[in-house]
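I have placed the structure first, in the form of structure tokens, so that the comments after it can refer back to it.
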Amino acid sequence: MIIEIKDLRFSYHEHHPALEGVSLEVERGERVALVGPNGAGKTTLLQHLNGILRGEGEIRIDGDILSDETLDIIRGKVGFLFQSPDDQLFSPTVYHDAAYGPVYQGLAAEEVEERVSDALEKTGMEALRDAAPYHLSVGEKKRAALATVLSMRPDILALDEPTSGLDPRGKRELVELLGEMPQTIVAATHDLAIIPKLFPRMVIMEAGRIVHDGWSEDILKDRALLARHGLA
Amino acid sequence: MSIGQVHLEPYIKGNSALHGLDARVKLAGALAMLITISTLPDGAWAFYLFCLALLAGGMLISRIPLKVFIRRAAVIELPLVLVILPVLFRGGGEAVWSAGLFNNEVAIYQGGLVRFSSLLAKLFLSILTSVLLSAATPFQDLLAAMRKLGLPRLFSAILEMMWRYLFVLVREAQRMLTARKARSSRSGESASKTGGTLAWRAKVTGNMAGTLMLRSIDRSERVYAAMKARGYDGEPRTLEMSEPSGGQTATLIAIAAGGLLVILLGNIL
Amino acid sequence: MHAPVPMHIPDGFLSITTSVLFWIFSAIVLFFALRKSEEILSDKKIPLMGVMAAAIFAGQMLNFAVTGGTSGHLLGAALAVIMVGTWPAVIVMASVVIVQALMFQDGGLVVMGANLFNMAVVGVFTANFIYSIFSRLYKHKKWALTAAAFAAGWASVFIASLSAGLQLAVSGTSPANIAIPAMAGIHALIGVGEGLITAGAAALVLKARPDLIDREELSGEDQKWVVTAGIVLSLLLVIISPLASSRPDGLEFVAERLGFMIRAQEPAFEIIPDYVLPGPLSSALATVAAGVIGIIIVAGLALAASKMSSKG
């Protein structure tokens, strides 16, 4: 069990409860899609995985309980891809952005170089290693953002709407890329089309709760179920 | 760490009598109060209390919760405290406390104590005034009031545009900070220098600032293009305020007169 | 709200005379800067300065961990100069100061003239002259621009803090030998952070949009006078500060030293006759007035010269 969430509750402020008792278990290597209408709490839940948000309840990542002491270790284990790649690209070159994670961890220069090159290669961004993120296309930015996260060698990838803003080719490329990733993946997505290829398991959220958790294959065939939860 | 849900807007909606007061009256009243507070002599405690009472009255009328004032009034910078600390050790009167320090006699004098506490009291009153003004008056109205008091139309238009994009850009900065935090981790292996060097961290922050600036330049170009498409010709145009009612003008005059009175009395006594 | 560089003087910390003087001077510079910005930017002026003011404000929230729980922040005067040029930067920084004071209680309203002077005038002019000189000296080599940005960032914060310290001393809020060294010392350190952040920002902009940094405005004729004014201003502050810091009554001391200069020009200063102001105040005031009037003269010359050169 690489992710264990027990009865997670969170409110942004007094009258805005976002998560009302969420429990979830994810095995190492699993790929889970979080779906649901806007406001269901998908992004909120994802952001608890690496401690961006801190709610009530217990969260265990790879055996460690998420707390003030384990926060920085867990951040290294969960690679978070933000919905807008612009949020996480802030360096002069793609290389520098990808290097941030390993450099922060205090790794030696050679180690940093190795990890960054590896990450750039895996995302097909080697050719653009010295490019300014400013000039990249949306698809390239998405891949660069992924590289910034892969360079930390995380065990888990938390993806927030990974295909949003991508054209069909960009989507295809990203889906192929993700398909090759060995990590455990939890992704929040509106895009049901990418689920069959990538995510055998689907978790449906609504109003801060998990309302269904099962095999994607079954759920996607169940039109009534999908309609009931605002997914079709 | 939040994902940008920080409540940035200082204005707190309401329909109290204070909210309904014309912005010009409120701005002038606030300025009168601030000038009064600034010109009151040290140790004029009765007058400080009087000002506090006036402010408390305003706060009550506004029906804005007390915690708002507490939260926003708790500001003072450390260097500035350091700068006024020596005031304690000078000034006339008897020594209230003294000690030997490195062969020197160090003492806090009564005069210095009075001056120091007066400074802090005036500081607190001033901040409270400012909080009340900004909590009870929307920014747009304050701008309009400033225009009437002489602020050039161009400057006002610039401030308005700044306000429009303030929250957007602040959230953008916050998201960048959050994303950076998400990549700031400790490796499970040999934890040598986590966090890199200070210079590197500052450089990264600079990169973020540069990114924000670049995106903002682009954004301003887009805004400009959109404005041009709507027939913008470079001239600032604004909606004009209605004239304040008779009652409001009277309030304004009363405030100004009251302020003058307090200043005079405070300085005489 | 947020805690940018701790240079914002709150209400009650400056004397009314100081506040009024600096309000007048800042208003003059701002009015002038507004007109110049209009000339330079034409109809882009509102979107550019408005959005960039918001950007600088937001930029001040970007921080980096220093030690313990403290963090370094950005003031942004130098960054503003690099991104939009001197005169628009004055307006941009002024907008930031105004909004911070009015809406977020960072800095007072009565003393805003002084804060505007420190951050929107001194900060901007200092950053500009250092950046211009540095970058021109090394003919726009990449590393030189980054180094110039660092120097401009550091100097803008440090010299602005001298101005703040002087204002506090002149007001009698704090003795000159505490106020000035305290502000100067703290901001000499903070300035390093500002320099590094500004350099980091310049490096990124240089990489992504070198065209933005290498503006012709930086090499225009007009610049000569703006740069000169910046140098004069900084020199005044840098010279008066250590002199005044030597003793608690430092400014009176300096005023006395300069007294011969003032007495020689007595007729000009009869405009503020002695009997209007209480005795001890007038010599300190005279120093400040001398400096301010000197700056106004220089600025006036710069104005006149630029008008002549642009018409020619």
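Note that the chains are named A, B and C in the order they appear, and that numbering of residues resets to 1 at the start of each chain.
Throughout what follows, a contact is a pair of C-beta atoms (placed from the backbone, for glycine too) under 8 Å apart; a residue touches a chain by one contact, two chains touch by 3 or more.
All values derive from a computational prediction rather than experimental measurement.
Because contacts link each chain to all the remaining chains, their graph is best described as complete.
Taking the mean of each chain's C-alpha atoms, the chain closest to the overall C-alpha centroid is B. Counting C-beta pairs in contact, the chain pair with the highest total is B-C.
Distance from the chain A centre to the chain B centre is 39 Å, each centre being the mean of its Cα atoms. Distance between chain centres (mean CA atoms), chain A to chain C: 45 Å.
Put simply, the C-alpha centre of chain B and that of chain C have 20 angstrom between them.
Counting partner chains per residue, chain B shows two or more touched chains at residues 172, 176, 195, 204, 207-208, 210-211, 214. Multi-chain contact residues of chain C (touching two or more other chains) are listed as 203-204, 208-209.
Among all residues of chain A, those that touch two or more other chains are 91-92, 134. Those residues of chain C whose C-beta lies close enough to touch chain B in the complex are 1, 3, 6, 8-13, 16, 19, 30-31, 34, 38, 42-55, 57-59, 61-66, 72, 74, 76, 79, 83, 91, 95, 98-99, 101-106, 108-110, 165, 168, 173-175, 178-179, 182-183, 186, 193, 196-205, 208-209, 212, 248.
Per the touch definition, chain B reaches chain A in the complex via residues 1-3, 5, 7, 172, 175-176, 178-188, 191-196, 200, 204, 207-208, 210-211, 214-215.
Across the complex, chain A meets chain C through its residues 91-93, 132-135.
On chain B, the positions that touch chain C within their shared complex are 8, 10, 30-31, 34-35, 37-39, 72-73, 75-80, 82-84, 86-87, 90, 119, 122-123, 125-127, 130-131, 133-134, 139, 142, 152, 154-155, 157-166, 168-170, 172-174, 176-177, 195, 198-199, 201-214, 216-217, 219-221, 223-224, 227-228, 232-234, 236.
Interface residues of chain A, counted against chain B in their complex, comprise 12-13, 43, 47, 50-53, 72-77, 80, 82, 84, 86-92, 96, 100-101, 103-107, 134, 148-149, 152.
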